[in-house]
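My structure is below; once you've seen it, I'll send some questions.
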Amino acid sequence: MTRHDGRTPDQLREVRITRNWLDHAEGSVLVEFGRTRVLCAASFTEGVPRWLKGKGTGWVTAEYEMLPRSTNTRSDRESRKGRVGGRTHEISRLVGRSLRAIIDTKALGENTIVIDCDVLQADGGTRTASVTGAYVALADAIADAKARGLLPASAAPLTGSVAAVSVGVVAGGAVLDLDYPEDSTAETDMNVVMTGDGRFVEVQGTAEGEPFDRALLGDLLDLATAGCAALTALQRAALEAPARERLR
Amino acid sequence: MTRHDGRTPDQLREVRITRNWLDHAEGSVLVEFGRTRVLCAASFTEGVPRWLKGKGTGWVTAEYEMLPRSTNTRSDRESRKGRVGGRTHEISRLVGRSLRAIIDTKALGENTIVIDCDVLQADGGTRTASVTGAYVALADAIADAKARGLLPASAAPLTGSVAAVSVGVVAGGAVLDLDYPEDSTAETDMNVVMTGDGRFVEVQGTAEGEPFDRALLGDLLDLATAGCAALTALQRAALEAPARERLR
Amino acid sequence: MTRHDGRTPDQLREVRITRNWLDHAEGSVLVEFGRTRVLCAASFTEGVPRWLKGKGTGWVTAEYEMLPRSTNTRSDRESRKGRVGGRTHEISRLVGRSLRAIIDTKALGENTIVIDCDVLQADGGTRTASVTGAYVALADAIADAKARGLLPASAAPLTGSVAAVSVGVVAGGAVLDLDYPEDSTAETDMNVVMTGDGRFVEVQGTAEGEPFDRALLGDLLDLATAGCAALTALQRAALEAPARERLR
Amino acid sequence: MTRHDGRTPDQLREVRITRNWLDHAEGSVLVEFGRTRVLCAASFTEGVPRWLKGKGTGWVTAEYEMLPRSTNTRSDRESRKGRVGGRTHEISRLVGRSLRAIIDTKALGENTIVIDCDVLQADGGTRTASVTGAYVALADAIADAKARGLLPASAAPLTGSVAAVSVGVVAGGAVLDLDYPEDSTAETDMNVVMTGDGRFVEVQGTAEGEPFDRALLGDLLDLATAGCAALTALQRAALEAPARERLR
Amino acid sequence: MTRHDGRTPDQLREVRITRNWLDHAEGSVLVEFGRTRVLCAASFTEGVPRWLKGKGTGWVTAEYEMLPRSTNTRSDRESRKGRVGGRTHEISRLVGRSLRAIIDTKALGENTIVIDCDVLQADGGTRTASVTGAYVALADAIADAKARGLLPASAAPLTGSVAAVSVGVVAGGAVLDLDYPEDSTAETDMNVVMTGDGRFVEVQGTAEGEPFDRALLGDLLDLATAGCAALTALQRAALEAPARERLR
Amino acid sequence: MTRHDGRTPDQLREVRITRNWLDHAEGSVLVEFGRTRVLCAASFTEGVPRWLKGKGTGWVTAEYEMLPRSTNTRSDRESRKGRVGGRTHEISRLVGRSLRAIIDTKALGENTIVIDCDVLQADGGTRTASVTGAYVALADAIADAKARGLLPASAAPLTGSVAAVSVGVVAGGAVLDLDYPEDSTAETDMNVVMTGDGRFVEVQGTAEGEPFDRALLGDLLDLATAGCAALTALQRAALEAPARERLR
């Protein structure tokens, strides 16, 4: 089987992770899955929301949004419409839950990290790119907080890493990391979030066309497991390489 | 293993499906999963939204909302807050997608069916009860449209049935159909939507505590498959029994 | 004169008051005036809104809303429209004022009771059914608070009872408790809220067609006085009968 | 009994009706009930809202709002809060209904008149002043439409006149036309809208303190009837006197 | 060159400043630039917004809004639309900045003055009339606060005066104080805010048609300088004349 | 005088203009003024808003927004707050007006171009960078429309070019192109938009501290004139250089 862009069914698009893309943010990553381009900015602030005060635990949350011309035809801004759409809420919640799965909020102390994932260009897989990039930005923000003495050097709020990838059934075959032309014609579409040690954080599968059976579900999970492992390696490499110096 | 209410791990709560609970709606169901009580009202209207006009296909969508005192402590109304929350959007979209999975929109003609799922009382599993009840209300609305000549007698817009159930890991063990005390302490929580012939429409699993592995995922899917089959039988029985006459 | 449903001009529809219809709410009533069906849930919480703090008095308020398919044709949800309509506000305020007329807020202490009146099915008279049912839910919530020790056994925050009914001029004659077909063709429409001892709390009369004179106003008030007395008796009977046990 | 400002119980405040206070509006009135000052502007436009198109009837509606510093202490603007409050909606609806009671919408043709009632200064009775002033602005807008040939000279869309006044029980006695100090301490408060020929359009009585009995209700209606008759005479005199020339 | 209303290019419209037009507001002015009529109400309150607390400085801000029928054809209310438009925000911010330019917030102590500028009738120049009238209302509110002992008699929060005027290029020539017919056809439009001692606070010039060159900019600034000087003299005269007594 | 970053008073920051930074947008530019980084995306669509239909003219408009972590400390999203702030509206309007100054809407035909200016990183001068980058994106979108045959090759909708720069008084001296540390301490702040042939489109000067006199205004305009000329040259160079190929 040949995919429209020449990839094999189990092949990721070219993935690039550029750290410290911004100067102000405590951690920031421009993550690219092919033409999909998401800017993930992690903001570390002391203190927690009111409902958490005095409990000795921190808070990690995320907000996802698309720029109006990230897509092929321009969409109206949600700020102008005066309401945030269901899809935007849904993905923001997904990214936040995924990050909290590898955070020890006790070890974070009463501090808050917000990760903003703004889609600069969309070509399928914006939510999985967001999770994958957000983890790296989060790791950098925690390192920055330690460097500035806002967290003790011994604190270990990260209990692991997290990455995400989409899988789906396109033209009858299971494929990894769908781009927009694939995504818009997929019969089944699944987003899988996994930890660096290969366990599941989120499995969200939807039959867009025909319902799917247990065997197909197994094939898709196999593809996703391999894809997340590859992304985990790319995250680790990015975090080990030297990053651009922030201009402060 | 004993559950706090005496059920076995693979046992559903008592499920009741009361058809024609309302007089105006073309189809309506009061569905109860134990103390969870959802009113599903299906409204059939001729015509489709603007973006579908002239394409010869129909539209099915759903809206989910909780009454302010459906929960243990009162929540503010979303109408008063002026914005619909992320969870409400997410569940509305899930119910709509689930129903569309078993609808042939061509066979529906240019007609719209909206299913309103209003939670009168919440005790866990409101989204799965909504999907399960909504299917029955949808079937009744279609029958009503045929009876009134709005759809030809030969039309078959329903390509199957759909039901949903939650599964999760509570106190280390996999269990079916979690009530609120179980749901709020579950380590993993999964909602599964299946067709009457045993295929998957939606699989949404989330690790609330520890990430889960492939074996546990398999156990949960087994439980869900059995649960959905039981719900499918209850739906069929409800649709075959005579229903209360609507007062028009 | 014959009414379209066979009632005499001074006859109420069949009224049913079902207490403890919900398990969570401190007081709850499903009230039915014929096909009109309103769920009234009273929520008792300790503390008062900020502007009342430290004054030693409690607060009682109400919120009214219609489910989208309570009506003959589906209406859009106010939560989705992002704004609460004028009619909804107006009725919420009416129900709240009516209940406060028979509440001694000093005797309530610094506690708040919110009564949610959600119309499950509408066939005329939803606001008068709401007031009538809300009173019973309020009485139950106060009894519950005493039983749980949140109010002293000797406290008497209720200074009386309150009930409401509509009257109007249909086809030239004055009638009691209009259903929707009558209401939509009435020349004059009046809602009257009265205490159990026969005094007026609210009188809201509107000439939909011809303005009305003083004699007709008198006839309508006579009908309403008798109707409220009958509703008062039904409320008392409901409160004296044993209620379903709440499952907590 | 003496009132705090020296009036007798059945005495109106000084009422002033200044026509053509604005230059652009087809009809405009600055109406003053003592220190209460409301600007009523009637806008005549050809055409009707979509839901009335092609029915050959016109539409009259009203919008009421208070300037932020019309009151003794400044209130936030509803435009900034992003939502229109319940009281504002309620009064807008009351004014609109009152005007429609004396309008023959057939005779108006497919034209719309919107009356904006903006409270410049509030000292009690803003809704009754609004109705009373709005009628005069409406009459002027209709005359203007005839003068400009937008309505045939023979058209008679006004079937009468309408005026409104408040009555209430203050310090145990029934009084007419309450100002703010009286209104804020009244036990019962009633707003009455009447036609020029002495019939009722709206009766809205509320027991703020003690519920009221039938005899007291009668006394209040007597006072209101006399008050509305006096206002009707003032409206007629204003409409017969020459008005300021509009600068166009 | 002749202007359509007979003025010379450097001539203001007739300007009227009526102090204490309202009874409740600490300072209030009805300012008229020809047919443009703006009601400016200054509200003095003790205390400051949260972000200024404890800094020993006061706060002055402004809100501008147009009544729906202030304009030639009726505009929808921003409160009903649920959002405040860009132009309204922009002018509110301009008026606030202009006033703060002549306020010593230290000398004001921890007090807040809000100036509401509501346009009752619009005929061009509503923002410049607002600034000019708001200054007088502000001065009166400060005097009132001293008279009531809320500010020490020796406090001097006003460091000068401020006035504003529009200039523009109409039919090829530079003119002062444009009315609506001029404004809507102007090639260049500039609003200038100046202190009483002839310095600039705001210069906002916009080429509506052709871009303008430096020489023309100079001519416009000359006109504006003379216009603001004339307005400053009118403000001073108004503040020195005896004002109507407020009825409290 | 030395500036904190070593520039001379009349020196721009390093300016970079990267064309075709996006693949979908008809024109797109990443514009950098030092650390300020704005993504300008021009969307060309056939047709015009309803109020322009059938007039044979096109429409150009702009929307400006800041990403939440573009600033030094994170700001809340306007989409989440449910309302667009005054500053955002003001700058959006400024950018739109600036572009329309050099557009012949007749020559554009009934087509719409929306330019989205999203601030990825803010360090002062975001509005002037937006205007400067937006012009280049607009020019590219027009060239693209010609290449695709949506505009005739002979059409010349651009009547010139437009660029913008800020000037201000910092530490007593007039300087060009303020960065954030300068901007936040400036006594006077002026934004100037000029055409490529050296004429003014917008002059917006504000005294943040002391009001300014005519001589200082002259100095600031001199600086801005030179700065805009330099930016015009950079725009021209960018448009003449070959651009990255878009991946479509």
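The letters A, B, C, D, E and F name the chains in turn, as written, and every chain counts its residues from 1.
One rule holds in what follows: a contact is a pair of C-beta atoms (placed from the backbone, for glycine too) under 8 Å apart; a residue touches a chain by one contact, two chains touch by 3 or more.
According to UniProt, the chain labels map to these proteins: A, B, C, D, E, F = Ribonuclease PH.
Since this is a predicted model, take the numbers as computed values, not measurements.
Interface repeat of E-F: among A-B, A-F or B-C, the matching pair is A-B, sharing over half of the residue-numbered contact pairs.
Farthest from subunit E in terms of Cα centroid separation is B. Centre-to-centre separation between subunit C and subunit F, using Cα means, comes to 59 Å.
Work out the mean CA point of subunit C and of subunit D, and you get 29 Å between them. Each chain gets one centre point, the mean of its Cα atoms, and the points for subunit B and subunit D are 51 Å apart. Looking at subunit D, residues 82-84 sit in touch with two or more other chains. Following neighbours round the ring, subunit E first and subunit F right after, the list reads E, F, A, B, C, D. Listing the residues of subunit A that touch subunit B in their complex gives 83-87, 89-90, 92-93, 97, 101, 190, 194-195, 198-207, 210-214, 217, 221, 225. Across the complex, subunit F is touched by residues 22-25, 28, 35, 39, 41, 43, 45, 63, 65, 67-74, 77-80, 82-84, 88, 114, 116, 118, 120-121, 247 of subunit A.
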